[in-house]
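Listed next: structures, encoded as structure tokens.
The same chain A turns up in both complexes below, where it pairs with chain B and then with chain C.
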Partner chain A sequence: MAEKILKKEELDDFVARLKSKYRIYAPLEKGGEWEWSEVEQGKDLTFDFFNSSLSPKKFFFPQTECLMHFRNDPHEEKGMLMEAEAGLDQPRLLFNIRPCDAKALTVLDKVFERDEESMDVYWKDKREKTVLIGLACTDPCPTCFCTSVNCGPHHEEGLDVLQVDLGDRLLLRGISEKGEQLLKDLDQAGTEDSQAAADQKKEAEGSITSGVEMDRIDSRQTLEVYDQAMWDRVYESCINCGTCTFYCPTCHCFDIQDETQGEYGRRVRNWDTCMSWLFTHHTSGHNPRGTKKDRVRQRFMHKFKYMPIKLEGSIGCVGCGRCTQRCPVNIDVRDVVNSMNEEHVE
Partner chain B sequence: MTTIVEDIRASARKLLEDKTVDCVIGFTEGSVPMQARPFFAYTPEETDLLTWNGFCTSNLANFLIKREGRNAILAQGCVSRNIVGLIQENQVNRDDVYILGVHSPGMLDPGKIKAAFAGRNILEVRENGQTLLVKGKDFEEEVSRKKFKRDNCYTCTHRNALIYDEFIGEQGKQTGGGDIDKVAAPWDKLDPDQRWQEFEEEFKDCIRCYACRNACPLCYCKVCFVDEHNPQWCGKTQDEPDIYTFHLLRAFHCAGRCTDCGACESACPVGIKMRRLTSKLEKDIRDKYDYQPGLDLESQPPMSVYRPDDPEIE
Partner chain C sequence: MKNPYLPYPVRISKVEIATEDKTLRTFEFEFLNREDAAAFTYLPGQFAELSIPGFGEAPIGIASSPTEGDHLTFTVSRAGKVTTRLHNMEQGDVMGVRGPLGHPYPLKDMKGKNIVILAGGYAVTTLRSTMIWLLHPENRDNYGEITFIYGARTPGMLLYRETLEEWDQRSDVKTYITIDNEVEGWDKYVGFVPQIADQVSPEPDNAVALICGPPIMIKFTQPVLDKMGWTGDQIIMSLENRMKCGIGICGRCNVGPYYVCKDGPVFTKAQLDELPKEY
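And then the complex of A and B:
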């Protein structure tokens, strides 16, 4: 794995070269928050932010996505005409994506690209056409707990390149072949810079002081965790809004709707949320998750019990802390998981 | 002298010890800076976890809806007015609720504090009378509390609980000091095109999480119009008409009922000021009907009464 060096003053040239091929996006400051925005030039990039407000999952799984258009004209001899949506017309590059958010995409790959038969072509197209240049965390937030959910501030999984900010210059580590190619014209990093990056990794990991314990959640039967008494208290303050699910980089539930006007129509996929009663409401009127308690329990059970069972140990959480930061009633995912794990079961 | 938090805990403890109520609804310390969690105390011991501070931004009246048993609830002015509204609308039975009235310190807006310290990790914010002590890894700054109050708290008209079974602490200054009429409808002076532009700019970032609706004690419909699916009145997409329909219709449903408590704006994760719509409606109701919701149990909410001499009836 080659480590290269890029002086920040040369960022403009580097970005300009990349722009000849890619549309580039990065978290940029807007009213005190960092939002994913299109980058015009290298000097727009900032390196001293915590994380973007919304996660970059929307680049691959947009909140609203048209899947196809159709026309249903009773006089048309060919019957109903369906027209597929075109894929991305230009490759994209996400600059300064945080390691937790890149890791989240690899978790979602296991859902959307499970096998050939259930392959989500919309997700796959965007994943294949997007390069990820990560930025390691130097100053994790008090809500971060990535190190306890198979991730970390310098985690490389899912990234093409990982950058470490060394002040006036960046150390860039090529991780995938695609990533190595992007860096081939840059200077080799010296041992001092490599050492500085390694030291920074250690320090960043050490500065993450909160975490979740999952050993007993893993070893217990699903129903034991499901029936724990703690669920009777956890849900009380929840207002069943969708904030946690929409901010989560790994939540991926959706609702598909056909919108029609006359003979024309489109099929749209929208983010949905397991916090809503409507999400599981059956046509018959029955609702298997009819109470707030059912819905709150579902979200945590799904991420920390069902997903690890079904996805070869992958947890549906990367420890980014967004849900805890944004929850209007301060439901803290760490508290919930730790009480799932701690509670004594007869 | 005891602090307000000690007084709240003592009253709550007594209510549970005497079995006057089954549960006391209040707040507990949040797990992260600038947050407080709605909390339900069922035992005298649990009342030790109760707290009360400027980050208690949820409207607790919301939790009374469809709740069983007899509950005590901590209520400042706006929350007490929402409880009145819920009693008037037959959602809450007055006999089943024990109101612990308090004076509102004027709630804080974490968004404003974060923006003032953008790019810096805030690890603790401590309230100290009229100042806030903001602490981070390598900084500590004292700032004026007043600067970081929620917008609606500047123009509050009733900070003391109006209806209560017991008032905790001293009754304080009744108003927030600001002139509600000056700021309630900032778009009134704009022409329709500009007004629409402002509206689009304000609401375009909505992610339709419905935190505003779900934080609101007025929004208790069994099925909200945006969740109606047979027929489906409102689209589910991020397209502008779908987003705007939700916000406009929801605001109208609040006319004559909204107490301007600010819970919607506090709950919104993207910082939308939905009071641009509701505070304008609140002002209209005051101007046209000389009515403010929830001031007492006897007045008739103007949108729920029928008058044969209504000027609009021919």
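And then the complex of A and C:
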């Protein structure tokens, strides 16, 4: 794994070279929020931010995405036949994606690309055509707990390149072959810079002091965790707004709807939320998750019990802390998970 | 790479009103493209999304058996937006079918065993598929005794009357057709499915039971089977939940860690006993 050095004053050139091939996006400040935006030049990039407000999952799983379209003309032979949307026409590059958000994409790969029969071609197309240049965290938030959910501030999983900010220069570590290729014209990093990056990693990891414990969630049967009394406490304050599910980098539930206007029709998928009563409502009127408690429990069970069972141990959480930061009623995911993991008190 | 969201284009080749209250219709579909018919390989117990552009999709169990040829049969209750639209469509209309989805009944594991089928109301659809498949000359000898118990509210609410008659005439299947209350001219059974099951009292030894019906039927059939010594791994059920993608991604149809669409819809009673009752 090659470690390269790029002076920040040379960023403009580096980005200009990349722009000949990729559309480039990065978190940029807009009205007090860090939003993923298209980057025109290297000097627009900033490295002094915690994380983007919304996760970059939208690049692979847009909030609204047209899957297919049709002519909406029943009188014509092919007027009511669906035609799939084309894939991305230009490769993309996400600059300064945080390691937790990149890790989240690898968790979602297991959901969207589970097997040949259920291969989500829309997800796969965008994943294949997008390069990820990560930015290691030097200064994690108080709500970060990545180190206790198989991730970390310098975690490399899912990234093509990991950058470590060394002040006036960046250390770039090629992780995938694609990543190494991007860095091939840069200067080799000296041992001093490599050491500085390694020290920074240790420091960043040490600065994350909160976490979750999951050993008892893992060892107990599904129903044991599901039937715990703690849910009666957790669900009461929740207002089922679904904010957590939209901010979450691993939440991936969606709805599919048809839309028509004149001689055009399309089938779209939209982000959906398990907090919604309608989400599971049967046409008959029956609702298997008809109460607020059912829905709140579903979200946490899905991430911390069901997904590990189904996805070879992958947790549906990367510890980014967005849900905790954004929750209007101050539900802290760490409290909930640690309660799920508590010893039973009879 | 196959796009799992893209439906196969099909033409409605036949529509029949299936019940006296006219809330159910049976549709036969033909694939517009020969290669799609070949790609759509399915077994009894699987379902498909019936896809009507501009209206959406509804997951429906496949009522035909692959042994019947290339066409697909679905019996659909008029309930929501998509199924109401479907009920207003006619022979010759073009729409889509997406599938086959989910797992079939464990036909391989059932080989050499006696099979008891318990069906109530219009949940009989995939069990019709199963019966046709089991009774096919290529398959019949691989299975032991077949007992088929099916109930509906009235004679006019029974699906597939002609096929039921055929089975009733056969010596290699014990058929018990029942209605809820006495009706003049009715010469078969009267009583709810659990009561008839109690009278028939199928032996659990080397046997498998397939049960599909409304929750109330399943609730009252369970103790009957328990009394006769049936165990959870011998009882196979098919679940329904609200679905969208049908391929285990969109997140709404799960029961515990398992998606009804992708990991089901067929589960054993033993499996369900260890999961939340979110269905």
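Note that in this section the second predicted complex is superposed on the first by the 336 of 346 C-alpha atoms of A that agree within 3 Å, B and C clash if a C-alpha of one lies under 4 Å from a C-alpha of the other, contacts with A are read in each partner's own complex, and residues count from 1 in each chain.
The rule is short, and it goes like this: a residue touches a chain if its C-beta (ideal position, glycine included) is under 8 Å from a C-beta of that chain, and two chains touch if they have at least 3 such contacts.
Computed from a prediction, not measured in an experiment: that's the story for all the values here.
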Clash-or-fit label for the pair chain B, chain C on chain A: fit
Touching partner for A:229 - first (chain B), second (chain C), both, neither: neither
Which of chain B and chain C A:257 touches, first, second, both or neither: both
From chain A, separation angle of chain B and chain C (C-alpha centres, steps of 10 degrees): 90
Partner chain in contact with A:198 - chain B first, chain C second, else both or neither: neither
Partner chain(s) touched by A:302 [first = chain B, second = chain C, both, neither]: second
Chain B versus chain C as contact partner of A:16, first or second or both or neither: neither
Which of chain B and chain C A:88 touches, first, second, both or neither: neither
Touching partner for A:142 - first (chain B), second (chain C), both, neither: first
Contacts of A:267 with chain B and chain C, given as first, second, both or neither: second
Lowest inter-chain C-alpha distance for chain C and chain B in the superposed arrangement, angstrom: 7
Chain B and chain C footprints on chain A, overlapping residues: 255, 257, 281
Complex interface listing, chain C residues touching chain A: 1-7, 9, 51, 53-57, 79-80, 83, 93-96, 240-242, 244-245, 247-258, 262, 274-279
Of chain A, residues touching chain B in the complex: 29, 31-33, 48-50, 53-54, 63-64, 139, 141-143, 233, 236-237, 239-243, 245-247, 255, 257, 259, 268, 270, 273, 276-278, 281, 324-332, 334-335
Of all residues in chain A, those that touch chain C in their complex: 67-68, 70, 72, 74, 80-82, 84, 111-112, 114, 116-122, 124, 221-223, 226, 252-258, 260, 265, 267, 269, 272, 274, 279-284, 288-289, 294, 298, 301-302, 305-307, 309-310
Of chain B, residues touching chain A in the complex: 30-33, 35-40, 58, 62-63, 111, 114-115, 118-119, 121, 123, 137, 207-211, 213-215, 227, 229, 235-239, 266-267, 269-271
